[in-house]
C-alpha cells in the first residue's frame, strides 16, 4: 500500500477548503516588516542626498540646489538603505507593493516637489 | 438502426464536445482541489478553446493543419459509430486512425520536441492497442457480436464475466486520458521534459482542434466504459462509469510519470494478465 | 484452355525473344510491350472467367504423355543445372546438393513407379486461380516495366555499376529479363496445374529462378544469399516430393490430382497435405524458414518486389489456401495457424528495429504472410475470404512499396527510412504512392483492417480447440500494435517538413512512374472495390468449396453497415486532402520550437561552444527494448517445435 | 570564521606539478580564479582535503597570458579554465573540453582583463543625477 | 548514423532557470550532453568596483534569490574577517536561524521542482504549499519573502522579539508535521522510486574526483558539509552531516529530505539557546584589508568567497565559486548514458543554481 | 470581452534573474495563490502562450532568446516584465554583461516593480495585461474581418 499516504493526502485535500488566498478579492494583512515599497514624505526632507548616495541602484535622485527628490520605482530593490540613512525619517517603508506600471517613464516617476511642500 | 440511435449519434457529434469539455473542466477542478487549490471555473476548457480560435495560428508547415482535421474527423467518426450502436471494432479502428493522424501532424512539423512526442505517442499506442482490441473481443465472446447495440442489450452480469478486461481497460484508460503516470507524450499540465510534447508546435486554431478532439475522446472513452455497465440500465451504469472515469483523476494525482519502457512493459503485462486471462477463461467456460 | 496454354507459353516465348535481342534499346521496348501484352492477356482471362465455377481441362492422351515426359526431363534438367551451380558452394552449404539428390531420387521414385495414378484433368481454372493469375500477370507485368528503367540505372551507377559490370557480362543482363519471364510462366503453371507432378515442376522452376535472380549481381553476398534461398526452398521441395511419394506409393489416397487431394478431406489427405504445407511454408518464408527472404533483399529491387512480395511467396500461400479445406478443424491446421501467428508476432516486432526500408518491407511481408497462414490453418469460409483478400491487398500494396522504395533509393540515394525525411515535400508524387502503399498495408479502412476484422471474428468462433482461437486472436491483438508503430513512424518520416531547401533532383523516369502510379491506382481501387473483388472472385471460390461440402457454410459475414462505414472513412481520407487543397488555410509560418535558441527562423539553434547546430530527429528503433537476435531465436525455436508437432499430429491422425 | 588558510605563491612552472602532487595526496580541486593586476594576471587555485583548504597563486604576464591546463589532472578544472579564458583572456593549452571562448559570452569581451581602476567611493549622487 | 539532436533549454518548462544542453539522443538514450551556460551571467563580481564593501552585501544577496540569505551571510562574514571584527553571538545565532530557514525553503522548493520534473504535480503543489508557510515565517521575521535583506557587515539588521521567537517555534513545529507526511510520501511512492532509484549514478570516487559538493557528494557516501567548519552558530549546535551511500537520484533526494528535518532541529536548537545582547558591531570607519577565502554550506553545497582588499572602500577582487559550478562536471558525467526522461530528474537532483553559478 | 481575458496562458522566461522573482512567479501557480483561478496556465511553450512574463535583465546570451520567444508567440500577445532587473537592470544595471531592462529588446506592456516582486504584485500585473490583451484581441478580429472582406 505504498501509494496509500499520497492518496490519503490528496483526498483529504479535496475534502478540505483549498489553501488558496483569493488574492485580489481578499487581501491578507501584511506583516509589520513587509517590504512593499519605499514611501516618501517631503515635509521634513532637507535634501541632504544621503539617501541618494546610499541607494545602490541610484533609484533616488535628490538635489539640494533644486530642492527636488525623485524615485524611480523600477529601479528600487527595496534594500532599505535609504530608510536607514535618512536622519529625518522622510522615507518610510510601505507594506503595499508599488502597483504595476504601464509605462516605465523614468521622468514620469521622478516627482519633483516645490520647497514648501504641498 | 433505430431513430433513437441516429439521434444519439448526431447528438454526439454536436453535444459531444460540450460534454467532453465539461468532463475536462470537472477534471481540472477536481485536480485542483486534490492539490488544495481553488482551480479554474467549470467552463474553463471552453474558454480556452474559444480563446485559441481568437489567436493567430503559427504553423511550421501548412500540412499539419490537414492532419489535424483528419484527426478530428476520425475521432468524430469513431464516436459516431459508437453512439449509433454500430460496430465496436470499427469504432476502435477509427480511433486508431485518428491517433495516427495526430502523430503525423506532430511529425510533420519536424521539430525535435514534437517528434519525440509523437514517437512516444506511438509507443503508447503500441502499449494500449492490444488491451483496447481485447475489449471488443471480450464483448464478442460474451454477447456474440461486435455491435454496440447488441452489447447494450446483453445480460446484466456480463460486467462480472468481463471483470479482468474491465481492469485492463481502466488501466489503459489512464494512458488514453494522458494521465500520470502515463502522460509521456504530452500532458495537460505544463512543466515536463517534452515541453508540450506532441502539441508543442501547434498553436491557435490548430491547438483548438486538438483540444476538441480530446473532448470527443473523453466522451468516447466514457462511452466505452459505460458499455461495460450498460446492461444494468442508465441509472446504475452512468454513475458507476462516471465515478470510475473520475477515479482516473485520483490516479493522476498519486503517481509520478513513468518512462516509456516500463510503461510498455507494464501495460503489456496488465493486458496479458487481466485481458488475455479473462478471454481465455471466457472461451473455456462460455 | 487455350488461354491457359497461352499464359504459360507466352511469357516463355517472350523470355526467349528477349534473350535473342542484341540491342539494349530494342530489348527494353520489347520488354515493355511484352509486359503490357501479358497484363492484357490476364485481364482477358479474368473478363472471360469471372464468377466461374471450377473448370477442368483434359488433354489428349498423347499430349499428356508427351508433357509428362517433357516435365520429367525438365525436372531433371533443372536439378542438374542446380547441381552444376553448386560448384560455387562453400563450407556448410554441402547440404544443398544432398537435398537436390534426395529430391531427384524421390521424384524418380515417384515417376518411375510401376502403376502410378492416372491424371485425367491436368489443368483447371477456378475463380481463385484466375484471381492469382490476374495478380501475377498485372503486377508482374508492371514490375517488369519498372525493372526496365531500374536495371538501366542499376548498371549505370552505384554498386550495380562496380559489381555487376565486372561479374556479370552482357549475356547475364539479357538473361535477367528472360529469367523474369520464365518465372512468370512458372507462376502461371503453378496457378493452373491440377497435375501435382507438373505443379511440382513449375515449383522447381520458381526455385531455380529465384536462386538465379537473387545471385544476379554476382557478389559474394548475393551468391551466398542465393544459395540460402535455394537450400531452404529445397527443404520444401524434398517435403513436396515426399508428399508425392506418399500419394504414389502410400496407403490410402492414391492420386496425383490436386482437386482430389483437397476433396479427400482431412481424414485421408492430411499427411500429404502437411508435407505440401511445409513446402508452402518454405516458399512463403514462414518462421523457421524465413531467413532466405531477408537475405534475398540484396537482389535488385524489382526482383525483391516480384519474388518476395507479390508473386513467389504468394505461390506458397496459394498452395496453402488450396489445401485449407484439408486443414479445417484439425490440430495440424491449428498448429499451422500458430506457426503463422508466431511468425506474424515475431517479425512484426523485429520490423521495428529495422532502418533499411527494404528490410522493413521484408519483415512486414513475412508478417503478413504469417497472417494469411493463420487464416488458412483455420480454414473456414470467412478466414479463406480474409486470406484471399490479404493476398490481393498485400500483393498490390507491397509491390507498390517495394518499387517506390527502390525508385526513392535511386533518386535520393539512400535506402534508409531516415533518408526519406520530407519526401512529401521533395517528391510529392513518389511520397503519395508510398503513403497509399502504407495505408493499404495497415490502416483502417484499407486492406488489412478488413481482413483482421474477419479473422478476429473467425478466430473467436473457431471450434477445434476453443483456446486455440483465443490464442490466435491474442496474437493478432499483440502483433497489430508493433505493425502500427513501424508503419506510422515511416509515414511520420515521409510527412516531416524538410529542414532546409533540397537540391534539385533527378526526374522520375517514365517507366517507373507508369508502374508506380498504376500500382497506386490499383491499391486504391482494390480497397475501394473490394466488395467487387469479393463478388467476382472470392465468393464463387468459397461458394464452390461450401457447395462441395469441404468447408462449413458461411458464418458471420461482414455486416453491410460495416462495409458502408469503411467506404465512408475511405472516402473521407481522400476527400479531406482535396478539400484542403481547394481551400488551403492561410497561416503564418514559423520555425519549430527550439527552446528559444533558434537562429533566424531556420532549424538551427545556437548550441554549446557557440556552435550553430541543426536539430535532427530520428525515429525510434527501440533496439534496447526489442532485441532482434533474441526474438529471432525464440521465433525459430518456437516455430520449429510447432512444425515438428504439426507433422506429428498430421501423421498420427 | 577565520581558518587561517594559507595563500602561497608559486612559480608558473610549479603550477602543474603542484596540482599533480595534490591530486595524488587526495586533494580535491575547490576553485580557480584570477585577478587582474597592472602588468600581470594573478591566477589562484584552491585545493582541499578534510575541510582544509590550501590556496596557491601564480603570475602570468599580461603580454603572454598562458596557463597550462589542469583539466587532465582534475577533470572539473575545465569549467574554471574556460571561465579564465573568457573573462581574463588567458590562453589555456591542453584544455580537455575547450569551449573556444564560448563558455561565457559577454557584452564586454574579456571583461576582467581591463586595468583595475578602483573608483574612489561609490558612484556619487551628482553623477547619478546626471545619468537619470 | 545520425542521432536525434535536441536543444534542451535555455527556455524549457522543466527548468525554471536558463541553462542549455545540447542533447544527442539514440532513441531516448543520451549519447552526449554538452552544457552551455552564460544565459544568466551578469558579471556581478566586477560590481565590487562600483559598490563599496557594505553595499556589496546587497549585491551578494542577489547572487541568487533562493539562497539569498546565505550569500549575504557568506559575504558579510568574509568581510568581517578582513576587518577583524566578529558579529555578536545573538547575530550569529539569528544568522543560523535564517540560514536554516532558507535551507528548508530551498529544499522544499527543490522537492517541488523535482516532483514536477518527473510529472508528479500534486507533490509539487504540496511541497510548495508547505514552503509557503516557511516563506511566511521568513516574511514575518525579515520583511522579504525571498530577499531577506537582514544581514549586514558586522551583524544583522533586524532583531526578533521574544514573542516572535515563540510564535515561530510553534509554527515550525506544525509545519514539520506536515512536512513529515510529505517526506513519507516521497520516500515510499513506488513511481517516485521507479524514476529515481538507480538513475544518475555517481560513485563516491567519481564524486570526489569531479569535485562534487553538497548533497550530491553526500549522497555518494562522502561526508563533506562545510557547516562543520563551525562558522556562525554551527560549532555550538548538535548535529552530524547527513550522508547516503547509493549515489543515485533517490539518494540525493533522501539527503535533502533528511536535511530538511535536520534544519528544523537546528532552528529549534538555535531558538532555544538564543543568546541575548547586541545584534551588530559597528564597522564604522574600518576598511577591509588583506585577503580571505571564506567557505560555507549552502543548500546546494559549499560556496567559496574570495575577497581581496587593500584598505579602500571597494574590494579589489571579489569572487564567488558557487556549488552549482562545482557540480557541473559531475552532472555532465551523470547525464551520459541516461535517458531523455531522466535528464530533467538528474539535472534537478544536483539542484542547479544557474543564477549563482554564473553570477 | 474577448475570451483571451478568461484564459491567459503564460510563458515564463528567466532572462538573467537571480531566481528571486522566478520563484515568486512559480509561487503564483501553487496552492496559496493558484492563478489557475483566472484560467492562467503556465505553458512553458511560446507557441501556446498569450502573456510573456520575463524576469531578470537582458544580457548577451539572453537577448536573442527573449527575442526568439517573443517572435514565436502568436498574436495577440502581451509582455509583462517582473522585478527591478527586468524593468531596468535593478542592482545589476552597471554590470558589464547587462544591457538593461527587457524593453531594450522587446516591447513591454506592464512593468511590475519589486525585488523580488511579490506574487500579489505579479497577479496585479497580469490582470493589467489582460486589459491590454482584450484590446488587442478585438483589434485583431477587426483586422481579420477586413482581410476576409
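Labels for the chains are A, B, C, D, E and F, by order of writing; each one numbers its residues from 1.
The definition used in the following text is that contacts are C-beta pairs under 8 Å (C-beta built on N, C-alpha and C of every residue); 3 or more make two chains touch, one makes a residue touch a chain.
This one's a predicted model, so the numbers in the text were calculated from it and none came from an experiment.
Note on connectivity: the fewest steps through touching chains from chain D to chain E is 1.
Ranked by C-beta contact pairs, the top pair of chains is B-C. When you average the Cα atoms of each chain and compare centres, the chain farthest from chain D turns out to be C. Note: centroid distance chain B to chain C, computed from Cα atoms, is 36 Å. With each centre defined as the average position of its C-alpha atoms, the distance from chain A to chain C rounds to 79 Å. Taking each chain's centre as the mean of its C-alpha atoms, chain B lies 43 Å from chain E. Residue positions of chain F touching 2 or more other chains, listed in rising order: 13, 30-32, 34, 37, 42-47, 59-61, 65, 69, 72, 74, 90-91, 94, 96-98, 115, 118.
Counting partner chains per residue, chain C shows two or more touched chains at residues 588, 590-591, 593-597, 608-609, 615-617, 620, 622, 624. For chain D, residues touching at least two other chains, in rising order: 99, 102, 104-106, 108, 111, 122-123. For chain E in complex with chain A, the touching residues are 51, 55, 58-59, 62, 122-123, 126, 129, 132, 139-144, 147, 149, 157-158, 181-182, 184-185, 188-190. Residues 13, 45-47, 64-66, 68-69, 71-72, 74 of chain F are the ones touching chain C in the complex. Residues 4-7, 12-14, 28, 115-126, 129, 189, 191-192, 194-195, 339-344 of chain E are the ones touching chain B in the complex.
Interface residues of chain B, counted against chain F in their complex, comprise 28, 32, 35-41, 44, 47-48, 50-51, 54-58, 190-191, 195-196, 199-204, 207.
Those residues of chain E lying in contact with chain F across their complex are 10-14, 16-18, 38-44, 46-47, 50, 58-59, 62-66, 68, 109, 112, 124-126, 128-129, 131-132, 135, 144-147, 353, 355.
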